[in-house]
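One chain, subunit A, appears in both complexes that follow, with subunit B as partner in the first and subunit C in the second.
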Partner chain A sequence: MIQNLIDGVLTGAYLSLGAIGLTLVMHILRFANFSHAELLSLGAYAALVCDALVSALVPVFAAKLGPLSLTWALTAAIAASMVLTGVSAVLIDRLVFKRLRDKGQELSMVFASFGMALVIRNLIGLIFGLSPQLYSKDIAFAVLLSQDPLILVKPDQVFVLIAALVLMMILHLVLSRTTFGYSLRAVAENPALAQVNGVNLSRTIMAVWVIGGGLAAVAGVFYGLSHQIIPVMGRDLVLPIFAAAIVGGIGSVYGAVLGGFVVGIAGNLALVILPSGYTPSVPFLLILAVLIIRPYGLFGEARA
Partner chain B sequence: MPITKLTRAGVGLAAALAALAGAAQAQDCTTKIGAVLPTSVDWGRPIAETAQFAVDQVNEAGGAAGCRIEMVLRDTQVDPKVGVDAAKALVDLEGVKVLLGAVSSGVSMPILTSVTVPGEVMQMSCCSSSTAFTKLAEEGKTGGLWFRTFATTGVQSAVGAKVAKDQGYGSVAILYKNDDWGQDMARLIAADFAAVGVDVTASVAVNDGQPSYRAEVTEALGSRPDALYLALYPAEGTAAVREWISLGGTQNMILANSLKSDDFRDSVGLQYLGETLGTDTASPRSDSADAFRAAYMARFGKEPNGPGLANSYDAAMIALLAMEAAGQDASGADVAAAVARVTDPGGTPVSADTAGFATAKGVLASGGTVMYQGATGDVRFDANGDVSAPAVVWSFTDGGTEEVEFLSLHDVDTFIASLK
Partner chain C sequence: MIGVVSYLVFFATTASILAIAVLGLNLQWGNTGLFNGGVVAFFGAGAYGTLILGGMPQGAHLGGFALFYPLALLGGMALAGLMAWIVGLLTLRLRHDYLAIATFGVAVAFENLVRNAEWLAGGAKGVRGFERPLRAMLGDGFLYNLCFLAVVLLALVATYLFLERLVASPFGRLLRAIREDEEAAQSLGKSPAGVRLTAFVTGSVILGLSGGLYGTFYAFVSPQDVLPTLTFQIWAMLIVGGSGNNRGAVFGAFLIWGAWTASGWALSRFAPVEAQLYTGSVQFVLIGAVIVGMLLWRPRGLLPERLVVSQRGKTPLAKQGV
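Showing the complex of A and B:
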């Protein structure tokens, strides 16, 4: 039981990071982006390539950091992957979503995002193959915290949790303390009015994609670090991430953070209550329960 | 009168042409058989190519039941809905009386119950192993139309239990894929473990396509078993096993044949698989199996190492032999009834190639029976259309897998009998 709770919090860390980007895009661009989870795959694979490059160029960096399977090479790769994924997100927006935003309706955007998800997923499969890949072949053993009740924690996952919390804190400061954060919220509230007040709309949208893509990249790498990197990881993660964003309330960054942890914990605790075959239903039950009680999510607000 | 002459000549010519066409039809008629196989997945295509190989050999021997055979192949995408649509199209539009396939039990089953049995078409699967078919046949719901050349899951689960017993494991936890095959496997292996006196501490279903298998692994780990039994596919198997080992789970593992994969070995890491033993059904150590291997090498330029290849070849060959035995314009039920005539232990032995098929034609034409000696040995179906098979216990090595123990058909049958 305690083990399940701890696992849930650790799983929640990368779900939260993924959900933040999703909720920002959904709120500011006003469409459900089903290709968002593919940005996680993109980030994870970009980091895989960068990691191999850095390790080959500077072999010293390939050494492991303490008990973690993380290396300096991978740390550098994460930074590079954030940039690459952010830029890819902007490119995808320019190529596909921007054109539809100008002409089409909200629904065409949603369908386009489904299409984009398929394109990205299959391109990754085409390039890297369908088998799982790993940042480190070695298995990082868990540390035994307590024998009875049995509590085991993997150092990597603790790192993931701390790093995720730090990133969320930075994002919080940017959104709440800077002019940029203010203009971002203004655009979300009312794009036309924000423009009248001198906010550059297209640059703000670009920033949203860069932030969303960057966080997705980190989430993807963290997922890969905790589990494995596989082309279908976006497909496997899209529902939990959507659940997190919806439970938290669309548009609320704090809601997304909380939603991620709620979905993570619920997924891990589900096994205590349900037979193991039925656990995938838990995120949906959670969405239903939350939406019945709070139709706009835990932190969401109705908007005109 | 020129006009009459011309007309007569015309009529004569037309009659001659019609006669010619008629003769051509008698020689070159084509009988279609259907195949529903997962050609869109990498391991499915060789299975289909091997079936086509058998069809080609039969056509070299002049076809079956007086006609050339054309195998109409449709993709199942390992999806029951797609598979049923494909089978339905083959039966209703192409009018096939014999259907080869499918691979996964979850696809073969709906095809059997909703297409081939209602349509009275014989279905012969190369690769479906679920015991649900045995149950269905026992209830008389397959109408004798169902056959498979792949041993049931029962063989593999029995050998899994034998491994646990031989290794002296006192308790085992089970992780199984939450599909027809996995559920079947988990149920059988739990019963077999109990029969050999091994405790099952937990049996946890694993749904594929989950972002994390941590909770499932934790559940299995809680009981601290001596060993772990895995009935998973490589994708979720890799994730679950890495999770298991990282959490300090035992490296004593018993694997179903689905994890006999280089991807699995490489992703988990050979250094963690030293204590791992796998089970699989095996080709018999017989001349006919060697002959198939040689013929396959000659045709495709590589060893028939993928899953279900020998089985696919035998499925196609036996189906075509049965068509030959049943004669022209036979119904699906006639062909199914004729299977006994071509797998008769007392019949004339025929080899699995063009010459063998030609021999069988002669014997069958004179009213005799034949014993087909195929790529998987002397195939013998029981009353439910099931076959048994020899088995191997294997372990991972640098280059792939190596055999630890070979259990002949007799050993397997004796051990299974001892479980009951």
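Showing the complex of A and C:
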């Protein structure tokens, strides 16, 4: 039970990171982006490639950091992957979503995002192969924290949780303390009025994609560290991160963080009462529960 | 020769069954602007409902009601409608993303449920014990398939005519009014949420009909039949054919199903053996690219919606010489 709770918190860490970008995009561009989870896969694979590159060029960096399976090389790879994924997100927007927006076909954007998800997911499969990959071939042993109740935690998972919390803290400071944060919220509230006040709309949208893509990349790597990297990981992650965004209330960054943990914990606690085969349905049940009890989520507000 | 003909009958049957589904989706998306991300769940509800209601008793799972076939099919359609009603009731009042996400979730949960709940639907082994109607009279061979095709075509034509009538009726006008400008429709005393729910449930019942026929055709349904792939295929059919146009929907169904089977055949025939594992990925990239490409370059589809003027405005009084 306590083990499930801890596992849930650790799962919540990467779900939250994924949900933040999704909720921002949904709030500002007003469409459900089903290809967001593919940014997580893109980030995970970009980090895999960068990790191999850095380890090959600077072998010293391939050494492990303490008890973690993480290396300096992978740390550098994560940073590179954040940039690459952020840029990819902007490119995808320029190539597809922006054009549809300009044509005034906002509703079609949902369709297009599904199409892009299919394309990205299967191109990754074609390039990297369908079999799972790992950042480190060594087995990461879990550390026994307590014998009764039995609690096992992998050092990697603790790192993931702390790193995720630090990133969220940084984002919080950016959103609440900088001019950029204000302009972001202004655009979300009222794009036209924000523009009148000198906010560069297209630059703000670009920034949202960069932030969303960057956080998605980290989430993807963290998912890869906790599980494995497979081309279809986006398919398995898309519903949980949507659930996190809805539980938190679409548009609320803090809601997305909380929602991610709620979904992660609920998924793991469900293992106590349901056979593990039903785990993929848990996010859907949460969505239903939220829609019945509090349709706009924990922190969301009604908006047409 | 008979091989070719019998394949064509098989192809036409599958394509027509899918065309019915595309028509159902067209009512939701094309005419009303409702995004259904879980087409396959309603299709699956129809298939599972029909087979469980109409099948012979099975020890392993629910079913064996051995209902008279038309009743079983109606039951499957009702199940699809019931699911749509519940989802619609919860989401149609909210902004449109919620419907997209909730329907997508329904599809995931539905597949998950039928795969795991052996007591309900046989789990991964699927639903067995269904006997195709009139099998005793028509046998199992070509004759049966031919007759079945006739039935499917009949259902397709009936659905088409029903939807054409519906779209041309005042209700159809109301659907388009709400799609185009919800507030304007509301100001005229219409209730968008209620109308949307009706359209969503009706479309889903049609999806259920399509699923029920599909299940009948194979006399078997398993979780493999309710994978998200089918949702994407049905969307591609609608978008390529032309959303908002029932003829386009049917045309798109045959075109995309033809392209899908042809590309599958070509890949398995000509792709090198070591690449065979990846034919699925190639097909998915293609279908994704077709959806995105159509939206970008030909958003109204090959047969665009014909914009109708329901009632010409009266000639201004001045022109009448008053």
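Assume the second predicted complex is superposed on the first by the 302 of 304 C-alpha atoms of A that agree within 3 Å, B and C clash if a C-alpha of one lies under 4 Å from a C-alpha of the other, contacts with A are read in each partner's own complex, and residues count from 1 in each chain.
Here is the rule we go by: contacts are C-beta pairs under 8 Å (C-beta built on N, C-alpha and C of every residue); 3 or more make two chains touch, one makes a residue touch a chain.
These numbers come from a predicted model, not from an experiment.
Superposition of the two complexes onto subunit A shows a clash between subunit B and subunit C. By the touch criterion defined above, A:G115 reaches subunit C but does not reach subunit B. In the superposed model, A:T75 makes contact with neither subunit B nor subunit C. Set against each other, subunit B and subunit C touch different numbers of residues in subunit A, with C touching more.
By the document's definition of touching, of the two partners only subunit B reaches A:N268; subunit C does not. Once chain A of one complex is fitted onto chain A of the other, the partner contacts of A:D7 are limited to subunit B, with no touch recorded for subunit C. Contacts of A:H227 after superposition: subunit B is touched, whereas subunit C is not reached.
Of the two partner chains, subunit B is the only one that A:L144 touches; subunit C does not reach it. Once the two complexes are laid over each other on the shared chain, residue contacts for A:G277 go to subunit B and to subunit C alike.
Within the superposed three-chain model, A:L100 lies in touch with subunit C and out of touch with subunit B [touch as defined at top].
Once the two structures sit on top of each other via chain A, subunit B runs into subunit C at 220-228, and not at any other stretch of 40-48, 202-210, 220-228 or 310-318. 235, 275, 277, 280 are the residues of subunit A that lie in the contact sets of both subunit B and subunit C, per the superposition on chain A.
Contacts from subunit B toward subunit A in the complex involve residues 178, 204-207, 209-216, 218-219, 221-222, 234-235, 238-239, 242-243, 245-248, 263, 267-269, 272. Across the complex, subunit C meets subunit A through its residues 33, 35, 37, 90-91, 93-98, 100-102, 104-106, 108-109, 112-113, 115-116, 228, 232, 235, 239, 277-278, 280-282, 284-285, 287-292, 295-296, 299. For subunit A in complex with subunit C, the touching residues are 26, 30-32, 34, 96, 99-100, 103, 105, 107-108, 110-112, 114-119, 121-123, 125-126, 130, 235, 238-239, 242-243, 246, 250, 275, 277-278, 280-281, 283-285, 287-288, 291-292, 295-296, 303-304. Interface of subunit A with subunit B (complex): residues 3-4, 7, 11, 131-134, 137-142, 144, 150, 152, 154, 223, 226-228, 230, 232-233, 235-237, 240, 267-268, 270-271, 275-277, 279-280.
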